[in-house]
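Handing you this structure, nothing more for now.
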Amino acid sequence: MIKKFFNMLNQPLGRIGVFIVALVVLSGVVWGIAQAQKPPEQPIQFPHNLHVRLGIQCLYCHPGALRGPSPGIPTETKCWGCHRQIAIQGTELPKLAAYVKNNQPIDWVPVAQVPDFVHFVHRPHIAAGLNCEDCHGDVSNMTVYQNPQVINMGWCLNCHRAKTENNPQNNPTSDPAVAAKLEALRVKLTDCSTCHY
Amino acid sequence: MDKKISRRDFLKVAGVGAATTAVLTGCGPASRLVTREPYTKMPEYTYNGLSTYYATTCRECSAGCGLIVRTMQGRALKTEGNQNNPVNLGKTCARGQTTLEGLYNPDRVTDPIRRDSRGSTIVKKMDWDSAIQVVADALSKNRPDEIAFLMGLAPDHLFDLVTDLTKAAGAAAPVRFGALGMFEARATLVQAANDMFGQAGLPFFDIGNADLVFSFGANFLETWLSPVAQTREYSQLRRSNPNRRGYFVQFESRMSQTGAKADEWIPAKPGSEALVVLAIGRLVAEANNITLPTAFSNADVNAAAAAADVSVDTLKHLASLFASAGHPLAIPGGAALGGSNGLQVADAVLALNALVGNVGKAGGVFLSPVAPLTDAYHRPANLKEMSDFVDLLKSGKIKVLFVHGVNPVFELPKSLGLEDAMSKVLQIISFSSFPDETALQSDYVFPDHHGLESWGYQKVATGSSSSVLSGAQPVIVPFFNTKATADVLLAAVQKAGGALASALKFKDELEYIQSKLSSLISEPDGFFSAPEINTFTAFFQQYGGWWKTTDNRVALSGSDALNKTFNASAAQFNGDGDFFLLPFVAPVIAEAGANKPHLQETADPTTTVMWNTWVEINPDTARQLGVQNDDVVSITSSAGTVEASVYLYPAIRPDTIAMPFGQGHTAYGQFAQGRGANPADLLSNSTNEAGDLAFASMKVSVKKIGKKRQLSRLEGVLGIYGKFGQQ
Amino acid sequence: MSALTKPLFAGSKAEEQEDPKEHLMHDRMPRGEMNSMMLDSMHSTTWKYWTVTGVLAAIVATCLFYAWYYLIMNGLGVAGVNRPVYWGIFLVEVVFWIGISHAGTFISAILRVLKVEGRRPFTRAAELMTTFGLVQAGISVFLHMGRVWLSYWLIPIPNERGLWPDFHSPLMWDFMAINTYLLCSTMYLFLPLIPDLAMARDRATGWRKTLYKILAIGFRGTEGEWKNLKTAMNIFAFAIIPVMFSVHTIVSWDFAMATRPGWSSTVFGPYFVIGALHSGMAAVAIVLFLIRSTMKNMKYFLRPEHFELLGMLMLLVSMAWAYFYFNDYLVPWYGGDKWEKILTNFIQTGPEWYLWYLMLFCNVVVPWAILWNRKWRRIPWLLAIVGFLINVGMWLERFIIIPETLTINRMPFTWRLYVPAIEIALTIGNFAFFFLLYMLASRLIPLIPVWEVQEGQESHVLRKIGKARISAVSEID
Amino acid sequence: MPKELQSPMDSANPAQDVQGIWGMTIDQDLCTGCQACVAACSMENNVPFVGEVDAGYGRSMQWIRIERFWQGSYPNIKATPYQPVMCQNCHNAPCEPVCPVFASVHSASEDLNLQVYNRCVGTRYCANNCPYQARVFNWRDYMDPRQRPELVTLSNHWNPDVTVRRRGIMEKCTFCIQRIRHAEDTAASENRDIRDGEVVPACAQACPASAITFGRINDPATKVSQAADTSRGSHLLEELGTIPHVTYLAGGA
């Protein structure tokens, strides 16, 4: 009986059928993943690459990363600080000018987002010596920002574990005091309540 | 405060946003679907994700506690006590905590409105210019004696402004009234201080430094005068000295939240308090071998014990406690002052304090410090004056009535006939932020800001040993299209023109407040001082007010008190019902908390009932009446009838029933409306000798009506009462 | 082939005079005839059948699936659970259905291992009960969960969070045990079904033929196939017995491991197993009665003697249950814990005291009063009624153990009663679904294991020893 | 208080990696039952209100409940000292081992008892097993403005530091862990340890009688350790061996 079923599948029509079903399932999955990864529509197609190449520091526009949880998305005051002295041209700058003129907030859509049950704080990460690009990728090659990787719990935890592992990279002199500190930090950084409350 | 802060649309983020992300937790970050509205111009001192804190004043009751409000990106998130403010020293009560639910209440009056007909919920929105025009017309087109102002209990800047305005216009001074003041019997306290010590003022009871407190009905841990300050003092009474734990005895016919904390609870019969006080005084004098002062010479211990339904031995025991204590303190309050002989009780209690010589001493009785910007304590209107006011309205002489900060239609006893009187007034303008009963009976509602959106100051009546002016500032940009009443009045005055306009030449509310504050710059002993008004105002906002660093309580001599003669008698009662009615202010929701859902859901401390009105009946009495828990009974007094569900309360006299005041709203938003019953409907307008409402002087009858309405209780009845009750 | 002689019916003289035809094993019937009798009963679908099936399906659609949808969309607030009764009827249902499912295994595995010949015609019906009962139990577990859409987190699969389920939790043990049991019992249901499916395949036409073709996996009845099948069945029969005992023991640990008065009891394991058998046997009696009285030709297969056997088992289990129940009270009484005392007092004299008395009446008084009598034991409808009452009693027992016991905890301030709400609809839905599955199964698969009956008939002979006729069984394997 | 139960550090198997144990004392002599802590907690932690019917059916969601019983009968009746009961953050928490998905977990670094909202699947086993009945369940979508239009404006005061919970999730007092984290972050940014009194949970901050003290109980110098170390201190249901981090100071004389 089962053999017959396989025989049926072995016929050309059966194979095509299997192929079509597989294709539909696969394309559905791919489409879903693609939808989830697609950068959202931003009100202004902000060219990060241009600004980075001009030598503007990340923290100039996102200063909150140094002090607290959120780096902040710049207000139009910040944009206008420079752009009032620069010719309004191209497709995007007039949009900015319009926002400023109407005293309207720019509805930036945050991209590097964690769900609201995750309480991510930028400050300790910067204090621990991480660079922006470690998580956010090479922004100098991006126009509109996109996440370089899927941000999920495994990704966070991997880093938390790697950074607290007692290995030559973290503890070059194999100092037991450092090892103990790393161990304590590891316990702390893999604690659920570090991020979830 | 930068007025340009835009309100970020947090709803999208925290509300629907949170909802969306929670559903899709398995599928990665969904928050990206949430759009956020950033600042257009972010204030310099703000950082994304970090909070900004503002000092202001709690406006939930008139105590004037200082608040620190946590805000983030233009939203007020949490209120905390202001540690600097001497009234509350960083503490708050439940009402102060939920004040944000008033601020963001979904039922707030969002725009100035005109009502088609009084009582109708069909309204037309107006713009503020025409609203100001309406006020201006009302002020200019009526004769000064045709204008009346009714204001709330808090002696704030607006009251000063209206006082100035009426003075300049030649109108009658604004009437200040509030249900809390009515149940506190402030006029009685002030009158008693005057009677006994020769100086009018709100007495200050130094609970913290006493070591024995006799409270005659005073619910000082609940809503009475300045509850947060008094709770702090109570804490000091119990635990400030590790070797001594202050002792506390409560006399009342129904165990209140305060009474539950007492070491001894004496269920004296309602109306007998004066006799009991005098009897104790006599016994104390005898125990201390003092020649019996005139004040207590008429006291008859046996008669008092009989009248109070308390054994003579108990009285003797209490008197010996009082006589031997180092710092005994007796406090009059609550229902004891709400009898027909309330003033006698207050007088007698003050005399009892004088007898043990603790007037003007630590742990004794003082007069509360006089607040800055004022010469003396100005008490709110008592019921007598309110009744006169209602009569004035009834006479039709008043053409326009302004109401702000009070909801008299709900708070005053129905028997006073305020609604009827209001119908005689041609134009009623309410400044209420909420659609309360009074606003519903108004022609116009020009909503004031919520307290957390307003500028202002408030003179603190009592609670602190120093003289305090609590300061208020907006912590967020007004959430709705409301306008400060002071600004409306000032603008209207300018629009109306004439002498009034030149008398009140202020650009806005802030300028008026500064003009008032300027007198404080040179004041000595201030918590801070400044060379000029702008700096002073900045400090005033930063610290949340201005207060003296010295003890400003008025220490008096009690010697005269002992020479007064009392002709004490038991109180008189109205009606011929079987039960004494004891209305009390619900400790948690109080008179105006019913529109805050979290406050509604906070359990009453003694009964743990939420969201409704109950009537407390002794289980023995209930058995005789054939009622059980949750049976609806109708309670009838000579003034009216209400219905409420029965709560079998084991700690109430069998001849007394008690009902909380605070529910029974017919308006006031979705959380309050149509919920419970209002015991004020049962009260007559009889007063005590000081003109305060004799709210505890009703006798009522109770009848089962055969319905059942389940009360929501936090406690599980099963584990507390009856067969399976645990202790 | 070893032959051994044992009396099938022995005892009083009156019995000896019975007509041996009364016994299925001696009432021989040609194989072909029996096969077509069985198939005939499966094929005959009257309007009554469709009406009942339709009504049941409608109840399942509304009371179970729509109500479940409503429950998921609105949260458990639409149910009657509260603080402190966090577990309500859903958990009662879980324990109840798992209990029901025990009878199938008991009858088919243990009785098969013990070679109780009377089991032969009703092992299938009982086995189906195992699977269908577990389906209901599984549904009830999901009904109970606050966020059922995340229930896959209970499955230990690697994931991007780097998180595993907590194997310390009795619920995880439970989850594993129920899954194992469902898997085992489904396979154990399927194995003895194969010869009958093959039989059906050979005689059916149309879509049925296709269906049975697939299900019978090519069984032709050769000697080798039979041998393998029997070996497999024997392995499963022995293997499933410990699984069965462990499942309800583990279910009982959900309660016994908790720090709650009334739950934390060492006797819960065997007590739950016996309780499960008690309700399961009773449920078998109901189902057999329904099959016998509603399906064609079933009076031939299911006879009073089978009900008598069931009746004896029910009586036995009832006594065992009573013993354990008494134990369950004895131990806390001896321990003298304050809360246990309050709880016992509460259950017996509290606001829901009648449930306790009703439970004892149904579980002990009824079976003891009726099942002692041999004549009464042989009356199918009476046994069905007794079975129904026992099930009511056992359901109440679980109700007392879960929501009522939860009322009492160590914080008397929180004590509250439980008032079921949407649970009632869902319970009705659960029962309807159970019977609906039976209704469908009755027309799709042979409810009587025909080959087993035939095998039994072949191995039974009547021998005359003196005047007595003795039934002798020759073991086929 | 028995010596062996003074602090979790004294228990047989102290958590190896504990960096500081948070604990609380509640002075029942001072507690006036005023419910300020309940309101403060609800406002700080986005605790929903459930409405009259649900509240009366034992579904109110406040993380603190103030218990009072009656002793004696009229006229010699006394209310027992008010007892605020919240999650006791047990060292040996009965709620933890029963959760099948690690939603109720122990914090190894702080010896706190955690509830991970987003991990919870709602079996409610933890609540059954909590001897203090300190856990509350989201019976409905109390926080969803789409189902409760009144929340459209009220949601403005929700604390962004605390997750908004949806239906089917168990929750409980967290000792205001968001404030602990905030203080830790501040201390770390200033390169110092957390000072005593730097972390104040909402209930302790509001309490007008100052009945609640909070701090690190493994450090004998803190106020909370000193308050707990009196003859008045006891733990709730001490006989169960849960080793709670909340110490009640007996009320009455």
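As written, the chain order gives the labels A, B, C and D, with residue 1 at the start of each chain.
By definition in this document, a residue touches a chain if its C-beta (ideal position, glycine included) is under 8 Å from a C-beta of that chain, and two chains touch if they have at least 3 such contacts.
Computed from a predicted structure; not experimentally measured.
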Q: Determine the set of chains touching chain A that also touch chain D.
A: B, C
Q: When you average C-alpha coordinates per chain, which one falls nearest the overall C-alpha average? Tell me, please.
A: D
Q) Which chain maximises the distance between its CA centroid and that of chain D? A) C
Q: Please give the pair of chains with the highest number of C-beta contact pairs.
A: B-D
**Q.** Averaged-CA centre spacing for the pair chain B and chain A, given as whole angstrom
**A.** 53
Q | chain B and chain D, separation of their C-alpha mean positions in angstrom | A | 30
Q: Return the distance between the CA-based centres of chain C and chain D, expressed in whole Å.
A: 44
**Q.** Overlap residues in chain C, where contacts from two or more other chains coincide
**A.** 84, 150, 163, 411-414, 416
Q) Multi-chain contacts in chain A: which residues touch at least two other chains? A) 115-117, 150, 152
Q: For chain B, write out the residues touching at least two other chains, lowest number first.
A: 14, 18, 22, 25, 49, 715-716, 720, 725-726
Q) Taking chains as nodes and touches as edges, what kind of graph is this: line, ring, star, complete or other? A) complete
Q: In the complex, go through chain A and note every residue touching chain D.
A: 115-117, 119, 121, 123-124, 127, 183-184, 187-188, 191-194, 196-197
Q: Over in the complex, which chain A residues touch chain C? Could you list them?
A: 1-2, 150, 152-155, 157-158
Q) Contact residues on chain B for chain A in the complex? A) 6, 14, 17-18, 21-22, 25, 27-33, 35-42, 47-50
Q) Which residues of chain D touch chain C in the complex? A) 54, 57-59, 65, 67, 69, 85, 94, 97-102, 119-125, 127-129, 131-133, 136-141, 167-170, 237, 240
**Q.** Contact set on chain C toward chain B in their complex
**A.** 84, 149-150, 342, 345-346, 349-351, 407-408, 411-417
